[in-house]
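Chains: A, B, C, D and E, in written order; residue numbering restarts at 1 for each.
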Amino acid sequence: MPKRIKRSKKAGLPPGTPIHIGEKRTEKTRIQLISYDESGFFEQEAEAAEEYCAARTATGITWVNVDGIHQIDLLQRLGGCFGLHPLVLEDIVNTDQRPKMEDFGDYVYIVLKMLTTNGGGEIVAEQISLILGQNFLLSFRERESDIFNPIVERIRNAKGLIRKEGADYLAHAVLDAVVDRYFGVLEKREEEIDLLEDEVIADPTPRTLQNIHTLRRDLIFLRKAIFPFRSVIGALERGESPFFKQTSRIYLRDIYDHTVHIIDTLETFRDLATGLLDIYLSSVSNRMNLAMRTLTVIATIFMPLTFIAGLYGMNFKNMPELQWRWGYPAVLLLMAMVAISMQVYFRRKKWF
Amino acid sequence: MPKRIKRSKKAGLPPGTPIHIGEKRTEKTRIQLISYDESGFFEQEAEAAEEYCAARTATGITWVNVDGIHQIDLLQRLGGCFGLHPLVLEDIVNTDQRPKMEDFGDYVYIVLKMLTTNGGGEIVAEQISLILGQNFLLSFRERESDIFNPIVERIRNAKGLIRKEGADYLAHAVLDAVVDRYFGVLEKREEEIDLLEDEVIADPTPRTLQNIHTLRRDLIFLRKAIFPFRSVIGALERGESPFFKQTSRIYLRDIYDHTVHIIDTLETFRDLATGLLDIYLSSVSNRMNLAMRTLTVIATIFMPLTFIAGLYGMNFKNMPELQWRWGYPAVLLLMAMVAISMQVYFRRKKWF
Amino acid sequence: MPKRIKRSKKAGLPPGTPIHIGEKRTEKTRIQLISYDESGFFEQEAEAAEEYCAARTATGITWVNVDGIHQIDLLQRLGGCFGLHPLVLEDIVNTDQRPKMEDFGDYVYIVLKMLTTNGGGEIVAEQISLILGQNFLLSFRERESDIFNPIVERIRNAKGLIRKEGADYLAHAVLDAVVDRYFGVLEKREEEIDLLEDEVIADPTPRTLQNIHTLRRDLIFLRKAIFPFRSVIGALERGESPFFKQTSRIYLRDIYDHTVHIIDTLETFRDLATGLLDIYLSSVSNRMNLAMRTLTVIATIFMPLTFIAGLYGMNFKNMPELQWRWGYPAVLLLMAMVAISMQVYFRRKKWF
Amino acid sequence: MPKRIKRSKKAGLPPGTPIHIGEKRTEKTRIQLISYDESGFFEQEAEAAEEYCAARTATGITWVNVDGIHQIDLLQRLGGCFGLHPLVLEDIVNTDQRPKMEDFGDYVYIVLKMLTTNGGGEIVAEQISLILGQNFLLSFRERESDIFNPIVERIRNAKGLIRKEGADYLAHAVLDAVVDRYFGVLEKREEEIDLLEDEVIADPTPRTLQNIHTLRRDLIFLRKAIFPFRSVIGALERGESPFFKQTSRIYLRDIYDHTVHIIDTLETFRDLATGLLDIYLSSVSNRMNLAMRTLTVIATIFMPLTFIAGLYGMNFKNMPELQWRWGYPAVLLLMAMVAISMQVYFRRKKWF
Amino acid sequence: MPKRIKRSKKAGLPPGTPIHIGEKRTEKTRIQLISYDESGFFEQEAEAAEEYCAARTATGITWVNVDGIHQIDLLQRLGGCFGLHPLVLEDIVNTDQRPKMEDFGDYVYIVLKMLTTNGGGEIVAEQISLILGQNFLLSFRERESDIFNPIVERIRNAKGLIRKEGADYLAHAVLDAVVDRYFGVLEKREEEIDLLEDEVIADPTPRTLQNIHTLRRDLIFLRKAIFPFRSVIGALERGESPFFKQTSRIYLRDIYDHTVHIIDTLETFRDLATGLLDIYLSSVSNRMNLAMRTLTVIATIFMPLTFIAGLYGMNFKNMPELQWRWGYPAVLLLMAMVAISMQVYFRRKKWF
């Protein structure tokens, strides 16, 4: 597990001090500049601050995508060009944020979580910050990822509406790409639930228990990451930010529907996971009950028999039965009768 | 189980791209055209796009019912005639939708779930999409079903108000038909609960546990399918869509009442199902307790007896008791006394 | 249990088709007519439709009480006289209704549940429908009952305000009579809870478990029957229906208070019932624990002793201890020491 | 337990009929009259109706405190003097009330519960009714108590603001006195929780279980008694009653804060009590587990040993081992090896 | 544990009587005076009342920080200078307060909790009261602490905006310092949860149970201390107090976000802690099940064997098998067959 920088490190610092909170990283920050309008398209990897500051004043729509948020000085220079409030910079580099939307007059600041499943089936969360202004969009990711590639492709090829619409449509496309990924994460959980459901009834083991626990943890985590985003997207859809035009809002409503659907599904999964644990406990109880009954049946049959055998194994001189000719067969008969009557008793009680 | 196409397949595609999500199907899509007004009635199975596009401009009320949503091109042509927004088409073919209502100005788009019970007692859910315009109604189902037949019959025979009222009354009739089916599904669950209730107290088996789990799953599923429909129908009833006239709203209120009643009943079932699991667990505990006590009683009586027998089965040369004349009867008496006093002890403790 | 007609029977019928849903009945419907004003009073059992249609136009206040709702044709004729909407008639004969209030302009329609306890301690629910118009009240019950008798008596004897006030006061008196009965049903449940509470701690049996389950079922049922009535009476009290005059509303507030108090109490009972089940489970666990410890103590003492006895019961030729003079007493001493040290061990561990 | 008169007794009576519901009592009702203004003070035990009716018209502030509500006629005469609505009288004598506030135009009627702990640690609830008019306050208690003494003392000695302010300040003082007592009841519960917490982990007995149950019952009861009072005092603080002047409302806000704080604490206690039960169950499970393991270890070691001993206790003629010289020591060695290897096995599994 | 003075002590006292409720203390109260404006800075430890009363009328911003609230007379004198309402003084010295905000016209009164973790990992809560007026801030703490030092330092060195902004910015800095500490407390809990999670699955002991219980207690406590603060800071952020200027509110929104995030995290922790207990119970059940099966297997194999051995240990004269030449090997073979078939049976049932 990579080393994380914790939030408590910030206690005592004045507000607006940007401290990178999250996984420690060493990769170089990559800044991708895309400018476009209906007629043209320009793309560049920016190295120097002048390059992206120039982008600020370009005509058409400008999209600055920053991959890597641990180089504080670089972000501060970028923030300077675009007139970002110190509190925004502080929030961008603090990856321990709750999804939120904040209107700063000149731009609106949106934070949300990108969720994917890694090779081992674990959920990976990454924070994405968006700054939407009049004709620009800044996006900040913790590291490079392929999630924005289809959007860039659509810009390059002028596919769909993207080159005809404004920066708000671009922001919507980015939000949509992030939310679409949530479905994959949910489907993974659904598969797990189906597997666990079979396992918990057929053959519950301590391993099953641990898997149920991990599933519940994941669901709690997902809920925490997605739930607050509903009110963010709801507020945008209701038009609380002037940067989203009426025509874009119909698309935001679409994202809002997806988000509500995802949260619904999460609630359903949560109920199912709780159900799984109940079934697990009941299954274990059932098996214990079975073992207990088997033991009781065995003990109840053999204890009296062993006692009778022990009785006639005593060495008293004066035990007349021992001398009887039919003593041994009589005792065997007695034992058989005891065993059979016990069995009849248990069968009547439906014990096996 | 039929193969399903999952939602994650859509990640990365631009919004408004219609992808069929749901069970893979191969049947041909059937398009049923019904035009009517107070004086006349016309019915046709449409084959070519021109036929249903012509329907758009007919006088009177037009109802286009589409059974099968997997032929994307056909739906796109239909959408073209009726001026449907790409997002609507995308939603119609995505059967993994939450019930919702969306106003697009020229028409209102309503999605809900049709629920029935199949032969094996399982719940079958199918998505129904409605497009209600000024004088037309489009309805989309995943496959053919007999649910709309009584409505068609009423139109044919001019029974009730249906030929006198507008497209909104027709939409109400369709919604009513779907919601009425919910009651049958609920009654099936009620029967199951009654059966399980008897079983869980009289003779709980692991099979009972699995049935309780399936019941709970079904209830969670039903809740997810029906709950959001309440706010849909509530919004329509409050007149949030101009396509429902004041006179139709009294009927919508009726459907709203049914929906609230169904959700109430679902909540009740949920509480009952939780209660069943509690009783199951308690019953298993009870039986385990019983087995445990039986075992304890048997062991507590026979262990001392077996020990005494073992004692006098020892082969020490010098064991004077063995030579006594009344040794054997005395030991038998001792054993009887031990057994009786143990029994008295347990009876006093009310152990059996 | 009497045969019930289920709601799913209605699927496919046009809205406003009255189908009697509930217990099948054969008694004749009884229609009771009462007309009164401050000066006079008139009472009659109506047989023919003309009689109660005439009542519609009488001066003063008219109360038509109908006992029995299974004769659809009779109700339709009555509905005709008083101008009832088909949906209202449909709801009156459908006893599977949620308490609700609906304003139809000329009259307000109120549905609620009458709850009583029968001889066997079971809750009996009956649906009561009220139609309150300008100067008339229609009331519909599933069968005859004595619940309205005190009100009729007060009208006969001009006791209290009833003859001086309007139809709204009469409706209030009817609602009050129904809600007052709820307290008796609650008190019955309270007695049960007290009984179960003693039982669950002193001597929990499977019978106790079943009683707790029945109690919880009853509470769920009561909640479902009473909870929606709160918003009905709340809406009336806030003056949402013009048929209740300002002076009557102070009495509605009284009923509202009672309803809230009853729901509060139901919630409390629910918490208590959940507590009972927890205690039951804990009690069973406790007893199992006790049995387990007894068994463990017995086994731990006698197993080593029996082993030692078995050891010296072996028939090896060469076992010198068997020949020793003090061998037998020495073994007895050893056994006593083992038994005593085990006892000391368990006492120290506070096991018995 | 004193005999109680139950609420169901009232079913069928017209509204506004005062019936004393609560503990049956025989003490004489005591009526205490206090009149005061900034300059003077007058105090009297009223015997005849004329005395307190005269008080109604006195100058300054009049406080009539009534201890005992079972003498209906006396209360009716008092109600007559002060113009109380029949429903108010009915509510005053019905001690089974939910805390509430009702505005009757000429006065406001407030009901709340006084809670104290008796010698046996049980909660005693008593209903207190207040009628606040322009310059008078009526207070009704079920029996005498010392709770108002400090207020009377402050009036006598003109301590604080009480003689300078109006009847609303007096009402506030009464409410404050009642709510202040709640803290004592809560602290008692807190002590119980602390005690139970130690007990449940150190040495859980069936007695502990019963105590947890009683605690939960008490908390449910307290919640029911206090929770509705929050909205009462909230409504008063927001100025919904004209009888509380702006200057008094700052003091009501203080009481409101106390009430919210008490409800918060109750919720916390509830969570803690639920936690206690969880811990109890887990503790019992733990101990059962321990007993089970001990038993298993003992049985697993001694059963094979006893079997081996039994084997060589058989009386077959032809058992060569019995004749061997080292047969006995060899068997002893075998037994020791079995016992030791079992122990090693369990130690590895960390079973003891 | 230090002696605490309980709240019930106050019952019966008139409102506005300041009584110190909380830990008994003996340290001298320390009063720190800081005055500053953009150009200058002045700092002093005040001893006499005149000193801090003078501060009231100083130009620039005045911050009076009081450490220790048990010297009632001193606080009363201070309250006199700054015109504090008696109810405010009463609340300041009562450390058993719920976080709240109250507007008194001339100043706003804010109470909140400072939370830290002491050496033993326990949560320490301390009450902080703030009085924010036009150009002054009073802060009251229960004892000295280093939490305000960074703020004082920023004032001294004119770092950041603090010297340029008003008293509201100072208040914000104080609130921010307190809330920042919450993160540390949460991170400590997170570490505990991680530890417990490993423990509960790998090796659950009664100690684990106690730790889970302590964790849940802590979370309940934290929730109670932090939850009400959300609405306090929310109200301030929405501008309900005129003392916070528009420019400061953007910083309050930042604190609000932190608080919401903290509460979110607490809810998550709560769910996780509940999950831990479920896992604990399941783990214990699992281990019991394992012990039970082991016992059953052992008993089921050895009981029949011991019985057979006992059978041939009987001393009947006439037992022909005993005389057979191959009797002993035959019995050994029989025993081996019994043992093997039992093992096969259990293996098939997957019991070990």
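Heads up, the rule we're going with is that a residue touches a chain if its C-beta (ideal position, glycine included) is under 8 Å from a C-beta of that chain, and two chains touch if they have at least 3 such contacts.
No experiment lies behind these values; they were computed from the predicted model shown.
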Neighbouring chains common to subunit C and subunit E, by label: D
Proportion of interface numbers common to subunit C and subunit D (over half same, under half different): different
Between subunit D and subunit A, distance of the C-alpha-averaged centres to the nearest whole Å: 42
Centre-to-centre distance between subunit B and subunit A (centres being mean Cα positions), rounded to whole Å: 26
Residue list for subunit C, restricted to those that touch at least two other chains: 281, 285, 288, 292, 295, 299, 303, 306, 310, 313-315, 319
Arrangement of touching chains [line / ring / star / complete / other]: ring
For the subunit B and subunit C complex, residues of the former touching the latter: 149-150, 154, 159-162, 172-173, 176-177, 180-181, 183-184, 187, 197, 201, 250-251, 253-254, 257, 260-261, 264-265, 268, 271-272, 275, 278-279, 281-283, 285-286, 288-289, 292-293, 295-296, 299-300, 303-304, 306-307, 310-311, 313-319, 350-351
Residues of subunit A defined as touching subunit E within the complex: 6-8, 10-16, 85, 87, 96-98, 100, 102, 203, 206, 209-210, 213, 216-217, 220-221, 224, 228, 277, 280-281, 284-285, 287-288, 291-292, 294-295, 298-299, 302-303, 305-306, 309-310, 312-315, 319, 321-328, 331
